[in-house]
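To start, the structure under review is shown below, and the notes come after it.
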Amino acid sequence: MVVIMNADAPERQVEEVIGKLNGYGFDVHRSTGVRQTVLGAIGVKPDFDIRHIKVLEGVSDVYRVTTPYKFASRTWKKENTVIDVDGLSVGGDELIIMAGPCSIESEEQIEVSAAVVAATGAQVLRGGAYKPRSSPYAFQGLGVPGLKMIREAADRHGLKVITEVMEINQIEIVATYADILQIGARNMQNFSMLRELGKVDKPIFLKRGLSSTFEEWIMSAEYIIANGNPNVMFCERGIRTFETYTRNTLDLSAVPVIKQKSHLPIIVDPSHGVGIRDKVAPLARAGVAVGADGLMIEIHPDPPTAKSDGPQSLYFNQFREMMQELRMIAQIVGRTLPEPALVA
Amino acid sequence: MVVIMNADAPERQVEEVIGKLNGYGFDVHRSTGVRQTVLGAIGVKPDFDIRHIKVLEGVSDVYRVTTPYKFASRTWKKENTVIDVDGLSVGGDELIIMAGPCSIESEEQIEVSAAVVAATGAQVLRGGAYKPRSSPYAFQGLGVPGLKMIREAADRHGLKVITEVMEINQIEIVATYADILQIGARNMQNFSMLRELGKVDKPIFLKRGLSSTFEEWIMSAEYIIANGNPNVMFCERGIRTFETYTRNTLDLSAVPVIKQKSHLPIIVDPSHGVGIRDKVAPLARAGVAVGADGLMIEIHPDPPTAKSDGPQSLYFNQFREMMQELRMIAQIVGRTLPEPALVA
Amino acid sequence: MVVIMNADAPERQVEEVIGKLNGYGFDVHRSTGVRQTVLGAIGVKPDFDIRHIKVLEGVSDVYRVTTPYKFASRTWKKENTVIDVDGLSVGGDELIIMAGPCSIESEEQIEVSAAVVAATGAQVLRGGAYKPRSSPYAFQGLGVPGLKMIREAADRHGLKVITEVMEINQIEIVATYADILQIGARNMQNFSMLRELGKVDKPIFLKRGLSSTFEEWIMSAEYIIANGNPNVMFCERGIRTFETYTRNTLDLSAVPVIKQKSHLPIIVDPSHGVGIRDKVAPLARAGVAVGADGLMIEIHPDPPTAKSDGPQSLYFNQFREMMQELRMIAQIVGRTLPEPALVA
Amino acid sequence: MVVIMNADAPERQVEEVIGKLNGYGFDVHRSTGVRQTVLGAIGVKPDFDIRHIKVLEGVSDVYRVTTPYKFASRTWKKENTVIDVDGLSVGGDELIIMAGPCSIESEEQIEVSAAVVAATGAQVLRGGAYKPRSSPYAFQGLGVPGLKMIREAADRHGLKVITEVMEINQIEIVATYADILQIGARNMQNFSMLRELGKVDKPIFLKRGLSSTFEEWIMSAEYIIANGNPNVMFCERGIRTFETYTRNTLDLSAVPVIKQKSHLPIIVDPSHGVGIRDKVAPLARAGVAVGADGLMIEIHPDPPTAKSDGPQSLYFNQFREMMQELRMIAQIVGRTLPEPALVA
């Protein structure tokens, strides 16, 4: 922690601040400049609330000099973390595409979706069995029967499964059926749940909160890792800004920033990021070009009848075309994407 | 729902949109103007995703004309809801002050706090037993022993108790000890929990999410009411903006806006709203002046040693002085505040 | 400037950073802790771009420890600045109310407005002759004839005049007629104009930009003062956030924050801040309660026919009532407001 | 305009609203549904303030159904506008790269920059002679001598010139030397200047304001076009959000959104968008992948000594490498980029 004293702070105030810092257990290095005094407080207290010092008399500003996270940081681990998802590597050379419907609606719907996902060379099937809906009157998901449907469809087509967990009580059952557990944006700071996710032996897919800073996001990953589960991947899905025409504002700078600050993989979700079907493909291309480790894409056999998020879901043929473009851009940025199956 | 067609949309497109609307179960009224056609779609479907129509060819814009909430709206209930908290009325003429430490730390700490709260004329004792902390390494609260301490301290001084519930599994135990259940900003859209709160027979104190719109906030109240619990009060505690000097940006316009759109009470929390001790009192005064039904204030017997949020907690004497000012402003806006006890 | 090196930065990197700092003209104090090295760079370079150091190898973070402004800071001048507006003191004990129509529309309109303003005890008449309009097709103001009208109406009723300057070429003529020059939110960082305003001998009323931080706002005041004009008052008029129901989000924390960081007066404009007539009075009351030096209020003899901002303008009787409430709240926070004339 | 009445609005209120609408010159179509009445108000009044109707009794909501802009809209002109910049086409198949230093600092600096720009196949030389600086104490640009330097350097290398205009009084001189006039983010709503830019016969490069919505941005283009100059190109350069790690949040969804709503070209500026050198190339690649008509990039012969924005300027070799990648991505999205010269 660095404490900047006011230009005119009298010696008495400087000494009081030093005394307080010592009281909190810090060693203090003092630099007295021509204009002002700067105090360096040394000590490992990741959760110290720096406002305790900010409110003292004579203090101009206080800065934390250590990041509040450790295990999730690039300082802790230099090389990229490659997460093994039952044989599939996330965070390595291969670009990972997770696609499927917003909600699992029926056996047939998830089966035809899985067939298309596999045929294009994508590796992971997505689909929600528990849906966080802002209206209590909206479709809330099929629950366990939905989990069974997506597992079986994925298995038939050699895909991995990612699906969302909405509450602590669902973790166990979802972990039984899914390969990756998705945490929604509104649960990114559900600290009770983060703690429990640390005890699971499946990788966690952590969406960025609607108004979450990069640091808060990494701290949520730290929560999970500190509780025992090192396999966390980030997902940028758009933040809330003043602009209302797009559903959210997709922040693609998240990719190079997270890659600098953390060793964990990062996936981009352009479907929620922009929320309008005809803008998904351009932003998916941008997501690959910016260097993401993968993408999450919503598709549906018949978007106008989808029970949720139909308007941002791609038609199957749009998805197939997009995958061709993504494959070419992937190569330019040094990534591979499996070839599509001969019969799609 | 109102659908605005493009100025140059051909008749074929207009008819297709009308067909789709009928297919979704809406009656359609058509207005053909000189420049464009406007369609009014009538039908009660509170959870219909208007983007289904937005993506159709020839459509310029679509507006929902009914609010997505019902029971929480001023249209549903004209008169103000006054919530009975075991004999104390929230939302009536009396200004309600909820005060106490951020965290319950010890029997003595909560006892001296309760004594001061009661002596100033405030009515409710606050204090957290379960703490949502952004760091996994920070103090997480005393749990059930803390709940017992706050209940006993409140009872000794004739105060009501408000405390936070962080997860579904805590609802039952917290409802045993508290008079009002507080839901934190990060849980405002924890839909699974909102559903369970609908089944509780204690009033709910619903903090505004960090980046929640007024409508989303009211929708979260609707979730609780629709599931059976009509006693919800709102709490404005600041939103996230580009400004970082203050912890949040306290949005006092929330008070007149919520009072217009809903019949439920609204409380202002200046402590979290601004996050810096010496700015709490000015914003508390403003909260009363703008017409809030009450305030929530953090105080501590010795803020520098508080286990959480000390820097935004008032010293007891600051709180006493502030209460005098609030009492005078309350009168001007037609509110009462109980007189302080003779011996404080 | 304080430079925090990475925990694992080798000695070579630390020395290179020290070398660069010396090259830029800074004296460097080095603190070597157990975990990392912290460098204090001393030297008066208010416009140094700290990103020059941030991009160096081994650097974790860099903090500016001096504010980039000087003359506008509370450090430079401890006591409040009281601006003399031709005999009227802004920033002293007297609460200043500036009221009038958004646009000057006619001699009659401004005359009846002036009469009401004066009768309530308010001191300054507002009204725009040059209007910044987001549409090129909207009413753009009366120009010089409007300036004459507002001056004459104000003089007849013993009021001061405030009106907006939109471009450098208007400064001279506006300064001829007005007592205070208003700078709109969209011009807060029109640096060319700020420079010219430094050469004027009339006080400047500097509205906060739509997405301006407190620091940027104070820097704009610094621009004016550094160029020769020390008489600047701030005006909080709401910032842009994700919330769209209100026109802007009025940030009342600006008042205690600006009062801490600067010695200059600050006025609150609830009319633009909330943009809806029936919410102006509650927020005006809150503005006085929070400690503002004054308010700016839009009123109109017949709001529905106003050429601009009618929907946020108060009717005369609403304004009169509100002034009574404000007078009472002013007393509680230690301010005075002149008594209304006997015949209003 | 569409007016939604309250569900329980009595007939008297409906009739009063209709009367008011007629009074403002609108024809009214009435739809009476089971739950509420909807009024369609027809009439061409692009600048009508809909809040006039919003404040009437019984009105629930009001929506504008026509865009406030006309000439800038895709409805007005279906095909893309291709702007001829003295022989260079902006908005056509060719991807346009504008590169150069932030500030013109010396003849030598701009000459070596121009040589590199031309050698890579880029077409436009950028460089500021008038600099908008948030500090009055920072370097303000070379002025007219700078304009001469950039013109001569560009001519020697067959490049076009883009440079910024900060105030009305500079328009004439800048138009003498530059091929494209750049308007900075902070001037996007400098309405007086927009009006004057309508009278210039050079193309305008209109940066998005820090907190400008898409609609406000297009309205600013409309201002210029309505005043006589149809050659406007947009530039996305990042918006202000709660995230402070990056300088701004580059909103790449702006590209597909603007292309849908307007026929004008759009350029992406990743240098200001992210503000940190090592993140410029990834976002530049994303900008091409998302479909922008071009990019603006800051480069400098020696970034650490640059007089402004050095930390976000690329080294020449970084720029050359990036251009190779951009050329490949351009092909995938159907764009061309001139081949680099043999000797770079």
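We call the chains A, B, C and D, going by the order they appear; numbering starts again at 1 in every chain.
Just so it is clear, a residue touches a chain if its C-beta (ideal position, glycine included) is under 8 Å from a C-beta of that chain, and two chains touch if they have at least 3 such contacts.
Owing to the predicted nature of the structure, the values given are computational and were not obtained by experimental measurement.
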{"item": "Pair exhibiting more inter-chain C-beta contacts, B-C or A-C", "value": "B-C"}
{"item": "Farthest chain (mean CA position) relative to chain C", "value": "A"}
{"item": "Distance between chain centroids, defined by C-alpha means - chain A, chain B (Å)", "value": "27"}
{"item": "CA centroid of chain A to CA centroid of chain C, Å", "value": "39"}
{"item": "Geometric centre distance via CA averages, chain C-chain B, whole Å", "value": "31"}
{"item": "For chain A, residues contacting two or more additional chains", "value": "211, 240-242, 244, 278"}
{"item": "Chain B-facing residues of chain C, complex", "value": "211, 213-215, 239, 241-246, 249-253, 255-257, 260, 273-274, 278-279, 282-283, 285-291, 325, 328-329, 332-333"}
{"item": "Touch list for chain D against partner chain B, complex", "value": "2, 4, 6-8, 27, 29, 31, 33-36, 38, 40, 42, 44, 60-61, 63, 65-66, 75, 211, 240-242, 244"}
{"item": "Complex contact set, residues of chain D against chain C", "value": "20, 46-47, 49, 51-52, 54-55, 68, 132-139, 166-169, 186-187, 189-195, 210-211, 216, 219, 222-223, 226-227, 240, 275-278, 304, 308-312"}
